[in-house]
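When the chains are written out, they are named A, B, C and D in that same order, and each has its own residue count from 1.
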């Protein structure tokens, strides 16, 4: 655990929980390099959470573990410290608990973000916006072969958003004359959207959404080549958290994007 | 010239001007196949424009020539016929003239659209929306080698929209450490956005906008494989024209998209 | 049926069987435009095959139907006319029959080619050559949604060639840690190679072979945008057929490529 | 400097020169993990080169600096140690010097390789093989924006190989009807091949060769996402070096590929 006391008064004082994990280290670096904020504490397993108050943290970034994140957040909310959270495992019960705690801290903000990649968020947004204008939509996601789940969480979420947009627009069923197919050839079905999962050594994390109508296609592709890609999203979350008290789920609500 | 009188009363009665050109023929087919509208006249060079009134046309699609389009539009506006126009060559003087004529026909709509490809319109829209979130943006457009201009009009327009969005957001200059370059390697400069024009036999009309920040890239690609790709855009224009009296420039204003 | 008698003596005199089909028309145009050959007959259903001899054809291109192609070829071999055949439906029995007939015509050549796309042939060749150098190989094929079979014949053939090359090189099993998957997400299994079939309106016929090892990937992509793509392959077949008496299966044997 | 004495007698004893550089560290790791070889010394600036003999090195990998590499190689050749060299800066004079030294060590091999990426080598090979079958070839290379030169060395080399293959095949000039162009739009001209250099934050090192003829295109793309991509190429060089005494320039001569 490290603390720092060199913060200028006008800068946001940030602590990172899970600071020695792979992502945590990147976040520490990004906070240190960012204008308008100061890294005041790097906390990891074995460190006392009391350091947050001792270091005068105004906001934390939490990339820890489902087992400890609720304890961390209870402490933060109790002490009026904003939280930007990338840790997974939030179900409805946990979100309800957070809302209850936040009732007692009306000026404190908590952001739960399943995805801090601005590129991925825009890909999902644009895919859903475009879907009603096209007859067909399919998703191809490509990852390194050590990934355990197929499709990826981002691909599933994209498919759900696209399906929802098509339902809202009253889109017709997608054309597909396939009559003879090998099992699996046409991919997984996620709410009617075919999703294909490629696993190839050398890849990192990539996704293409292919939309088509008569005579033209539109393809939206996101390539995540490095976990440094989380940095800008976390910084965007930190910069906006003071202006968003209460619970927010999804970084997209903080981005200045047309709805 | 062909006319038809089989229109149901509730259907939009459409005439096509330039009906025997390559695009015109595709538009005629698209109108015939579309629900809610009837093709009542196919007009081309040598035919009398009077057929529009005789056939009871309520709206025209004009894919003719800069030399004749203003005469066509004067006739249409005089007779309260809406116009969806893909013909090129509209400068400020021509647009001012159209506005003057339309003052005398307050319920008539004219849509001047440089691009009827919904995919291309969405590509430009999304590229401009995404640009402020990324450090770098470049455009690669790829066409058949019989194309005379480089970059394409769509690539120039995309670059202008991206540059405008970056200026509005106060984006910093794009990073580029190139110190030793062959002439042309870094592409054309369109308002600060590098644009690269590929000309390869077998290609039709394609464009990629590549946006990047630390650790991730977002690529928006449009492939136009067939001039049938204009059909859905023209139909969208026809369906909305009655609700948009006056002059509109750009099909994007008729699409139900977030601004 | 049309015949022509304007051939220069040194030019190859070519007839097209199936001349009024979509592909046949393109082939006629390609032969007419090609240097070193003359189109001497366009034959289709209802025409007498005797026109081949009357027109002095030295070689035919056959894009007809499995029901009639054997009759056509018997006539050609009987009369010493070379044949370049794109018609489908050749099984071992038919190939054996052709070999028997060709024994009596030792200077006559017959090329049976399942694929005349030089790009597709090179894609398959390169994919098989590269496969032993990479840990992973997967195939994504993308077609219009009116296609009946999935995967495409080209994708199956590519997978077979890649699998054969990997077996010959003693390649290890491909890495894949997938432990939780939706049915179909990981594609179809063709001899151990995952194949993914995308069907999207606006696409024509496309295929990507993605090969990867630690830190890098190699992607070989073929886009067929137009059936005019068959022309150069058919011409290559015609130009080489005189030098390849007997039966040849696969245009790749005529291309001057390293093995 | 570290040395090891745990090598099994049948394993190739390898030393790495430049072992503490970014690439050097990756190479050390790759050698340690590889079957059939042992890492016996990690040497960098400040270490004595005598350690190579002390550690019983049979082969070295040199990723050092143009200023010191010739001294390293003289020592290795004097002592009969094979060398696989990724250091740059070899001109004709240096290659001639190496040949002279090697005359006195007829069983020693030196491989000078400008590129250890097997994917990049295959991309160049396939592009040159395919070029004569297509009317058009263009190259798009995409890199991070801290790169100083445009086009990249790999893109220039690819263009030279493609141009050479087209000349050898007597290919016609590429079609290009461009009559109105912004400066730079059509890229840099490398021996008649247009090369386009994209510089976008988030990219690593990527290249596409796009070949096209009537109706179809073939695209060969290499993505290098990590300098770990050099490992397999260096190992391939080490495994083959004993069987290739004398000077070899280019790893491609060691790969079992059709010429």
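Rule of thumb we're sticking to: a contact is a pair of C-beta atoms (placed from the backbone, for glycine too) under 8 Å apart; a residue touches a chain by one contact, two chains touch by 3 or more.
Just so you know, these numbers come straight off a predicted model, no measurement behind them.
At the interface between chain B and chain C, two copies of one sequence, more than half of the residue numbers in use appear on both sides, so the contact is built from largely the same positions. By number of C-beta pairs in contact, B-D leads when A-B and B-D are compared.
Ranking all chains by how far their C-alpha centres lie from the centre of chain C, first place goes to A.
Distance between chain centres (mean CA atoms), chain B to chain D: 47 Å. Centres computed as Cα averages put chain B at a distance of 38 Å from chain C. Centroids of chain A and chain B (each the mean of its C-alpha atoms) stand 36 Å apart.
Residue positions of chain C with contacts to 2 or more other chains are 134, 202-203, 211, 213-217, 223, 225-226, 229. Put simply, chain B touches chain D in their complex at residues 134-138, 140, 142, 145-151, 174-190, 194-203, 210-217. For chain B in complex with chain A, the residues that touch the partner chain are 117-120, 122-123, 126, 129-130, 133-134, 211, 213-232, 255, 257-259. By the touch criterion given at the top, residues 202-204, 223, 225-226, 229 of chain D touch chain A in their complex.
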